[in-house]
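What follows is a set of notes on a single structure, which appears directly below.
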Amino acid sequence: MRIHNMRRVVIVFVVGTALATVTAGQTAKPAPATGGNGTILDDLVVANRILANENILDGLGHVSVRSLQRPDHFFLSRDLAPGLVTAADLVEYDLDGNPVNPKAPQGYRERYLHAAIYKTRPDVNSVVHSHMPSVLPFTDVTMPLRPMYHMAAFLLPGVPVFEVRSVQGQVGMLIDNNKVGAALAQTLGKNTVALLRGHGVAIVGVSVPDAVSSAIFTDVNARAQMQAVALGGNIHYLTQADMAPPTPNQQPAAQPGTAGYYPRSWGIWKAKAMGEKR
Amino acid sequence: MRIHNMRRVVIVFVVGTALATVTAGQTAKPAPATGGNGTILDDLVVANRILANENILDGLGHVSVRSLQRPDHFFLSRDLAPGLVTAADLVEYDLDGNPVNPKAPQGYRERYLHAAIYKTRPDVNSVVHSHMPSVLPFTDVTMPLRPMYHMAAFLLPGVPVFEVRSVQGQVGMLIDNNKVGAALAQTLGKNTVALLRGHGVAIVGVSVPDAVSSAIFTDVNARAQMQAVALGGNIHYLTQADMAPPTPNQQPAAQPGTAGYYPRSWGIWKAKAMGEKR
Amino acid sequence: MRIHNMRRVVIVFVVGTALATVTAGQTAKPAPATGGNGTILDDLVVANRILANENILDGLGHVSVRSLQRPDHFFLSRDLAPGLVTAADLVEYDLDGNPVNPKAPQGYRERYLHAAIYKTRPDVNSVVHSHMPSVLPFTDVTMPLRPMYHMAAFLLPGVPVFEVRSVQGQVGMLIDNNKVGAALAQTLGKNTVALLRGHGVAIVGVSVPDAVSSAIFTDVNARAQMQAVALGGNIHYLTQADMAPPTPNQQPAAQPGTAGYYPRSWGIWKAKAMGEKR
Amino acid sequence: MRIHNMRRVVIVFVVGTALATVTAGQTAKPAPATGGNGTILDDLVVANRILANENILDGLGHVSVRSLQRPDHFFLSRDLAPGLVTAADLVEYDLDGNPVNPKAPQGYRERYLHAAIYKTRPDVNSVVHSHMPSVLPFTDVTMPLRPMYHMAAFLLPGVPVFEVRSVQGQVGMLIDNNKVGAALAQTLGKNTVALLRGHGVAIVGVSVPDAVSSAIFTDVNARAQMQAVALGGNIHYLTQADMAPPTPNQQPAAQPGTAGYYPRSWGIWKAKAMGEKR
């Protein structure tokens, strides 16, 4: 019986992957998905669970998605640990970080990080903010985070470090208002990843799966770079010569500044995070 | 019964978080919780399971809570691995480490660590003692443990190292009597964390969730610091300039010497440790 | 049905191990197994799950097996994460990377890595391609990967590093055509492991269990070597003097260039990956 | 209902711990347990599962126990991965590594490691042989493994490294005959732990739980030492001055050369390894 169910699960998965690919938008302009916001919101719930399961997010950090109907709105969970988020917990915000529904439950204090990036980066449809342990060292040292392998090619254009103390009048370490959010977005510029000194990281994508993927491969890359440094000698980082020109279907040959996400991964990340039968 | 109540457990969890926040006391003076000791004892059982699940405690180490009714008493499990502790295993002690009930089951040999800290630190309502692997290196080297990110801001005032051999007549490495306990408490001083040379760590909080949180973020921070050192160059640790003045609701902008605990984390730590449906 | 058969599965497992040993071929020429391709395909599905469960493969990477009936054919999953692969997902390819069935579902872009190795190495019956995090540092530094312990003796003859930029006209990092595949196979030569600069690793075996085993012990070895380097001083790598001459039953005394696989491991890897009752 | 079952489990656990303590023998002469060999064999099965679950043993390595009735005999699993061992898999051997029952199933090739140690060390009642990844670096470098914290005080007298090439005529790396076994036992001497160069480690105890405990804390200690070395500067290892004289009940104040095992840990290791309800 279980075997029969497994096959059916696999079939559903294939369809789900296809939808995810569409909603993820393999170009800067995601095609409207048949599921409408329902689909990207499903992706957002799954993304919360994936990032918790892959130890990218602990009780803190968050992931958001831009609205398809209203590009000047985005969705983010209420103030809840990502590993517990369900569809009922999602809140719609405008690009100043105000909830559309004034009766919305308490939000994350750092929702301004998301708002500011969506405001300045029309190509971005999803944002992850994380304290992942592997990047914390890079937020406090002078050595930049650099791409060790093709799946982290999105790091090639650079990984700027945001210094919160450079923002006049900002108290503490949090991105808890629009002024500090705008300063962070300016530091991020056109890059995919920005480090927050003594705090964590902001990662963007053209879609939820793309941002999730970049977050997970940033983690792998950071650990690999630390180990390579410990081995000593010169490190052969990826260079521009390793980059393939973008192709129509954006396969994972390294393309800096464009989507490095390859849809094959989402299925297994989701299956593990959601405890799906395999 | 518990299986049937899975869904209800989740609902209770949301309420439970709120209660935990209250009982945790976001100031030095925890407001008496409606649940009385019942609630902090529930927190204490969960804290044992969380710290075991997060690999802060193995079969050894322990966590305690000060009594609400009797601030000169505290609760600690009998001599049992934290991952197995239930409410029935909790024992009430006075501040000399004597069980209130003379028929109490055998206690931890190092309960004097807890007693001595409660005696000298009226602001402390919970104590964790751990051999967490990430701090062991710091107990044996000269480099101090220092804060790498805002969630470990409680390390900023300093992390003293207790040298057990400095206690006249003390044999072995354990904090197994009031004299060595008092010496440790003196070394801890007003700090949140003290290392025990060649042994482990003592971590205090204004509440059970606060102490649990500081223990978990001490672990993250220790690993991040070791990796940053391996990367080489100067490390930009948190400084006093990064600290926000304490706010009424004590949110997690870095506030040294006060509660850095943010209630969002407890829910996911508990759900994972207790195997709750999500 | 599967649930009821849990106990029977364990019994079958013991038998299965024996069969796997036979099909794995403890010499360079695997004896035709009684189960025919059915058996090696079962092994291939389990290998996908094992490598995912042991964190050798994430959503990417793949493992293949040469056909017993048609040594100029091999089997590989369709474009699917290894942790989700079932028997229904396997596709038969020729040694140019073309699917035997023109209606086969979309394949991995890097199936040419497998095809090229099978074409040049008649002794090889299974190939693993992985981005395992522990080898990534070695793909970017000058220090070679070398054997730290007897279970990684297959590394003794050498671990060449393939530089994809040395292939005229090749764009990007992928082994996505026969020309770059042939260049990689030439770099691999008679060795068991070749690193792909800034990308990952290719590992071969005389059987599926042999290749799986070498992949897992390459991972252990890479981590051990990095830690030994960090300890400082000279490292006593395995040498030719440590190698025992191959014995008829190929037990795991270190034998470079021959199967180091010992059948005891497959059972526990499989039980863990498939969630079998133990 | 589940809660009621949990209490019963806890009660059973307490009894089990007490028995384990007795059978473990907190002195060099274990008191005959009421369960006779049945009890130490139960311990042996659980030890196999614990060591697999704690990543001390993978598919390889093994753990044994000396017979209570026949101190010149010992028990060891047949050739099977430790994570799969049941009581039915245990085989009785004499101190030359010969099975008592000539029809016994195939044994581990390295059972001579166990036999030789039991022959030369009457105080030893349990032996673990492991390739645990954390000690592999120490088998290949000149820096000795040294005690970082009190739970690893058994390392204080020294951790010799066995060089298999020093045995005349020995081929390969394995301890696969009595001659090389005797040489290893001589290197071990009166110590608790000996490293095998390029291979792994042998760890002994006065009882199964004692040997299991020393294996697990050797792993923690090895990782802590590697991290302390990376931090730089002098390391304050445990010294003789940190050792308490052995006490009648052998509590875990550091006592080199005697049992460091504290019974509290066995319960949680067992519960995790056996998937017991908690």
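Each chain carries a letter (A, B, C and D) given by its place in the written order, and its residues are counted from 1.
Methods note: a contact is a pair of C-beta atoms (placed from the backbone, for glycine too) under 8 Å apart; a residue touches a chain by one contact, two chains touch by 3 or more.
Keep in mind the model is a prediction, meaning the values are calculated, not measured.
The angle of the rotation superposing subunit A on subunit B, based on CA atoms and rounded to the nearest 5, is 90 degrees. Note: the chain lying farthest from subunit B is C, by mean C-alpha position.
A straight line joining the Cα centres of subunit B and subunit D is 32 Å long.
With centres taken as mean Cα positions, subunit C sits 45 Å from subunit B. For subunit A, the set of residues that touch two or more other chains comprises 230. If the chains shown are joined wherever they touch, the resulting network closes on itself as one ring, and no chain has more or fewer than two partners.
Taken pair by pair, the chains that touch are A-B, A-C, B-D, C-D.
Against subunit A, the residues of subunit B that register as touching in their complex are 147-151, 153, 220-221, 223-225, 227-228, 230-238, 241-245, 251-254, 262, 264-269, 271-272, 278. Those residues of subunit B lying in contact with subunit D across their complex are 1-3, 49, 52, 58-60, 79-84, 86, 88-89, 109, 131, 133-134, 136-143, 164-165, 171-174, 176, 197-200, 226, 229-230.
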